[in-house]
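The chains carry the letters A, B, C and D, assigned in the order they are written, with residues numbered from 1 in each.
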């Protein structure tokens, strides 16, 4: 596989990641979102592996495997199980309607592209153009968190945001040092357990996972 | 040594003059007034007779009166006489003159008033309190105007010392100063207010609602009343003498020659007679003002004094 | 044995006070002992402070000391010169009298409530004041300054059951702290220009003295510091805490707060403008003068309107601070025009009035405390005739009233007379506008003096003269001897300071000498020690001894002649009051505080917020057939509504808006972060 | 070696407590763990003081004047908090607010949190710093919801999400930093080490670093509690158990600020300007003002002091942004004294709430009469936190304010406004709480105020006498941050 080809494949994967990010923004059903999220994880994992292969950085394989396990299997499974177990309504409710969010999302992508332009100039890596996509994914994940009403969808948005971070880490820098990668993975795992626990706590205290219930702590009169 | 002796003699002569001439001026004013109003008068000496009579009368004190009530007449008398020793009435070489300049003099009168007002409140009647309150109000408003007037005069003489002020006016060549004219006008208005004459107060009234000074001394009797009345007459005389010393000091005795002293006493008598006539001329056609019109009256005095000062800076 | 140096004495006295504060905590279970120990030792410390101050002024030497605490690069610098010596003397003198008084006064609380906090914070308060005037760097000054503020805050809070007291303490502390921060900023400005800011050496006053500050920043520093100090001094319009806090505090504390704590603020102004910054622009003095005049007039007008005795005294403190500021302002203007003789005359007037005010206001507050102690009453409308029950207090209080009303030969008159002299010399100024405006200022000062006489006639006569107005019969008893002793000493010093001004000026003249470089005692003394003649003997002169002896002699003579001549007649007849023949007089028909103040309320009412209402008690009956009417009168401080209310309203409005941020919705919070991120990315 | 003990003790204690945390002796184990760490940190500090900064563990750890003093502070406050929580949590358990499992969880997580803090402080690796910060968040999230009340769960959820997102953005910043560093140091761990980065910050690409700083600012700024990223903070402080509020305010915010300041020095080195400083000044000032006005309307005692923490973090951030020796010295001192004071205030407030069974301030009255140590402790604590002498907070604010008016005079009026409003807001509430008559519903319970006295004594002494070694320490830290 030549470097050029790898770059092309990576570019395609980046586009797919972006697409799934938009998909998360547009998807109305929770299961659909979970699938999209798993898909995004898969693309990320493949992308990491390809970068590792082309750059000859073997620790990236570890990241790729970690990503594959965590983001494609473990986390979606946990979420799936929770949604199933907690009888969460399948429809996603959102605050801002979807076309508007899409428009905002497009604006964010353009903004990210503009923002990363100076960085792109500097980089000598083959993956340099993917940084804009990574930042866009972060922003889109953020947008999902802002516009959705349920705790589960917020978590999905959060995880998508982290996917963007990982993508940035692999694409912009060929991956962080392994110790960092491992630590980050561990943290995410703990986070997954914690939000799992949380869902039960929320569920038992509020009888719902709707964030509307959790707006009591406020200071307006 | 002789100058010291001379000045001490002058001092005692002046105190004697002040003590004796006070009732005389009051008698003169009353007499002229009676004549003006077509009444027969009791003569110039009537105030002396009044005071003598009061001295031999018993003192009846209100049940509630404290030592302040009894002490006040003496203090008022003392303060007034002290003022009499300071104002250059017949001479400018008084040894006690430097003891107080005009500001201190005003304060000495203020102290007498302070105690009179306390005495007015001491008996615990409504009238006394009313008198005290009103008297203090009038004094409050008169004081700034007084200071402005004095300030103008002291600008001319460069001093607030009374003897010095009188001396400067006598020794300098005579000239018409608008500032002094305005200051004099203001001074007259203030003196009217301070000595409790018409139109601010009526010294002869005993109507409850028109009294100011009289209301405060309503509960006094016997020798206390005598002292207060006497002090009041001296005060009128002193204000007249003060005005004369500040604005028309010509004829006042200096350090030398010796014969000027009797001459000064004579000049003083003439000037006082004129002042008395002026008082009568002012008082006869006027009625007493309402208490809250006094504000305007004294405001006018303040205005005159301020114009006097401004004209000093702008015209002279 | 040689006398310890002023610095040593001052430091020892502070140490004694601090030890007292700590030991008060240790002995808190033995309250009676605590009263004796704390106030006896405080008296001792005050004597030491007084000696230190007296010596420092008469020596005129500058003494410095560096304490090895604080920051390693910024230890505590101490310095005593004539100016600080003068103020230490004031603190020591009144502190001594008040501490003696407190021996009796505080004992009244024992058994009723715990006096531990009083015993802890009273010495701390004293120590804070002494430290303020001897500190010589910005850091230590601020510590001392706030120590003074905090300890007096706790003293104001001493009787904390009442919500009004707590509120008063709160307002006091708030304004004091805002002022302190302003002072701090001013120090920061000056230190910034001084060399060695980076290594903390710029914070010393000596470094600030050497700093070359551009005029604009110097003015900024002056304004910050002036308003900071003015908040503490109770200058209108920053005075609102004062009439709240003084009545709330125990009377011995009010005496100290009013008598000396306000003076430390004036000390700050003098130290900063004359010593550290050196007056460079005349308008600084103009601001001080104008605010002084406003404070003097409004202060006394509000004082007249009060029915609460201690509130009236508090407002009168506003007035007196105004008078002192007038002198300081004059002095600054003269200094800016390089007229050093006149400047030192004005400054001496201000300093003298500070000393005098400490004495008579201390005396009056102690007197008010005595009345409170005896009658448990602060409202003058329910007093009257106390001169019969409290003869000592009445006489001593009268001396205080005479002094504060500027009656010769008492001390208040001397300093006001000096201020007038300074005013009357202002035509020498080269600036024509100032020439014209100054006399008007003098007229306002005259108005103030007259109003203050009126105020204290009212206060004294309503409280002590006439008949008792309370509902229950008066059960007052004369106070105990330490209280009497404290007041007697104060009264004696009022008289002595009034009668021997030349001696005092000769002593205090060192302060203007070091600050301005000129002194007035030379001219004041050419005419002999008996005569006070600033500038020259032809210009003006005043001799308190002559007047005092003269009036006493005439009074004695008159008494001898007219009173005791015929012994049979000296027996007086007592009879019911005459009252123009009206026989059904009751105690409630007397003139009271409100009615006494009525004419002035009509004349100067526009300066106040007056709410007056007369409501018939029986609403059904016709107005002409009412048995009773209810008369209500509320006099509020206009400044409160003009300045503070809008401020607090605005603050609460902002708070409500800030509350919107905490919206409760997590999406909104996320949106904040998101927007922050985007905005930063766009702009950075 | 000391370093390993220091870090290991907390981790081991966390592990042990995870099993025995509900036993009777668990609080003592907790105290012992913290105290051992404290002693170890003292040794470490002595080492740094004598020999200067050093790296350890193959450059994995880096100890210098800046972080070691924070490490000592962290272990000290963790010890005192452990002492405090012994009685406090026992009482909570008696009241039935927490169960057996919760106690085990509480103790274990407390130690884990301390471990995370220490790791964040002492590591030399920017990536590990990030991991430790995340770990700190995760370990405290479930402590905030320890009481399982709806509001506690809500607060914890907000804390989790907001800080999670924030910290994720910080990771993006870290990635960008690594991106810039890689071009200088090549691929591998070297590019993430402080020691390397700081030494050659001038070579780093300025545009990338300023971009990275924005992510650090928003990321770590969320944890510092800077407005408008602060919304989690009052909720988490008011709903969590008091010891947790104390350590959140006293430690977590400090460590987050530490991370931010470290990043700032790198950016400054790269850009040769103070752009990062201006951003920090802006957020600092905004925090001061918003927190001040928010303080005015608080009804809950712990919530109010949470806002006060925001304000003080704003002051410190502002001062670090301002730069210069005086302001930086002030900011470092401010972090120290604020932690000590604020944690002691939280202890006192916790005791007061236990005495009154409520955190509502209008129901808390007459503390000085009911329990003088609590009442006066609260009063003095508030006097200290409001920046009045003779407490250490005054010293730091004095330095910061004077530096402000020298270097940024336009900010001084805003500063004045913020301080004034804060002062008013605090005393408006605290005076009625401390003074006044004893309310009928106040209960007489045993509370532990000894640690409060220790804290306040230290703050008091620091206000009057800053020891030479501490000052030297700060001066060295100032040199590092220059």
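Here is the rule we go by: a contact is a pair of C-beta atoms (placed from the backbone, for glycine too) under 8 Å apart; a residue touches a chain by one contact, two chains touch by 3 or more.
The structure presented is a predicted model; accordingly, all values stated were derived computationally and were not measured.
Peer 1: Which chain has its C-alpha centre farthest away from the C-alpha centre of chain D?
Peer 2: Result for max centroid distance from chain D is chain B.
Peer 1: Starting from the mean Cα coordinates of chain B and chain C, work out the distance between those two points in Å.
Peer 2: That gives a centre separation of 35 Å.
Peer 1: Measure off the straight-line distance from the CA centroid of chain B to the CA centroid of chain D, and report it in whole Å.
Peer 2: A distance of 78 Å separates the two centres.
Peer 1: Averaging over Cα atoms per chain, report the distance between chain A and chain C in Å.
Peer 2: About 69 Å, centre to centre.
Peer 1: Which whole number of Å gives the spacing of the CA centres of chain C and chain D?
Peer 2: 43
Peer 1: Spell out, as numbers or ranges, the residues of chain D touching 2 or more other chains.
Peer 2: 157-158, 161, 165, 169, 211, 294, 297
Peer 1: What parts of chain C, by residue number, touch at least two of the other chains?
Peer 2: 656, 659, 661-663, 666, 670, 673, 677, 681
Peer 1: Mind pulling the chain A residues that touch 2 or more other chains?
Peer 2: Each of 115, 142, 145, 154, 214-217, 219 in chain A touches at least two other chains.
Peer 1: Considering every pair of chains, which are in touch?
Peer 2: Contacting pairs: A-C, A-D, B-C, C-D.
Peer 1: Flag every residue of chain A that touches chain C in the complex, lowest number first.
Peer 2: The contact residues of chain A facing chain C are 95, 111, 115, 142-143, 145-149, 154, 211, 214-221.
Peer 1: Spell out the residues on chain A that touch chain D in their complex, using ranges where they run on.
Peer 2: By the definition above, chain A touches chain D via 57, 115, 118-119, 122-123, 135, 138, 142, 145, 151, 154, 158, 161-162, 165, 168-169, 172-174, 176-177, 179-180, 183-184, 186-187, 190-191, 194-195, 197-198, 201-202, 204-206, 213-217, 219.
Peer 1: Touching chain B in the complex: which residues of chain C?
Peer 2: 384-385, 387-388, 394, 398, 402, 405-408, 413, 417, 420-421, 424, 427, 432, 435-436, 439-440, 442-444, 446-447, 449-451, 453-454, 457-458, 460-462, 464-467, 527, 531, 533, 537-543, 546-547, 550-555, 558-559, 562-563, 569, 572-580, 585, 587, 589-592, 595-600, 602-603
Peer 1: Across the complex, what residues on chain D touch chain A?
Peer 2: Against chain A, chain D makes touches at 125, 127-128, 130-131, 134-135, 138, 141-142, 145, 148-151, 153-158, 160-161, 164-165, 168-169, 171-172, 174-176, 178-179, 182-183, 187-189, 191-192, 205, 207-208, 211, 235, 238-239, 294, 297.
Peer 1: Name, in rising order, each residue of chain D that touches chain C in their complex.
Peer 2: 157-158, 161-162, 165-166, 169, 210-211, 213-215, 217-218, 222, 227-229, 231-232, 234, 275, 279, 290, 293-297, 324-326, 368, 383, 386, 388-390, 394-395, 398, 401-407, 409, 412, 416, 419-421, 423-424, 427-428, 431-432, 435-437, 463-468, 471-472
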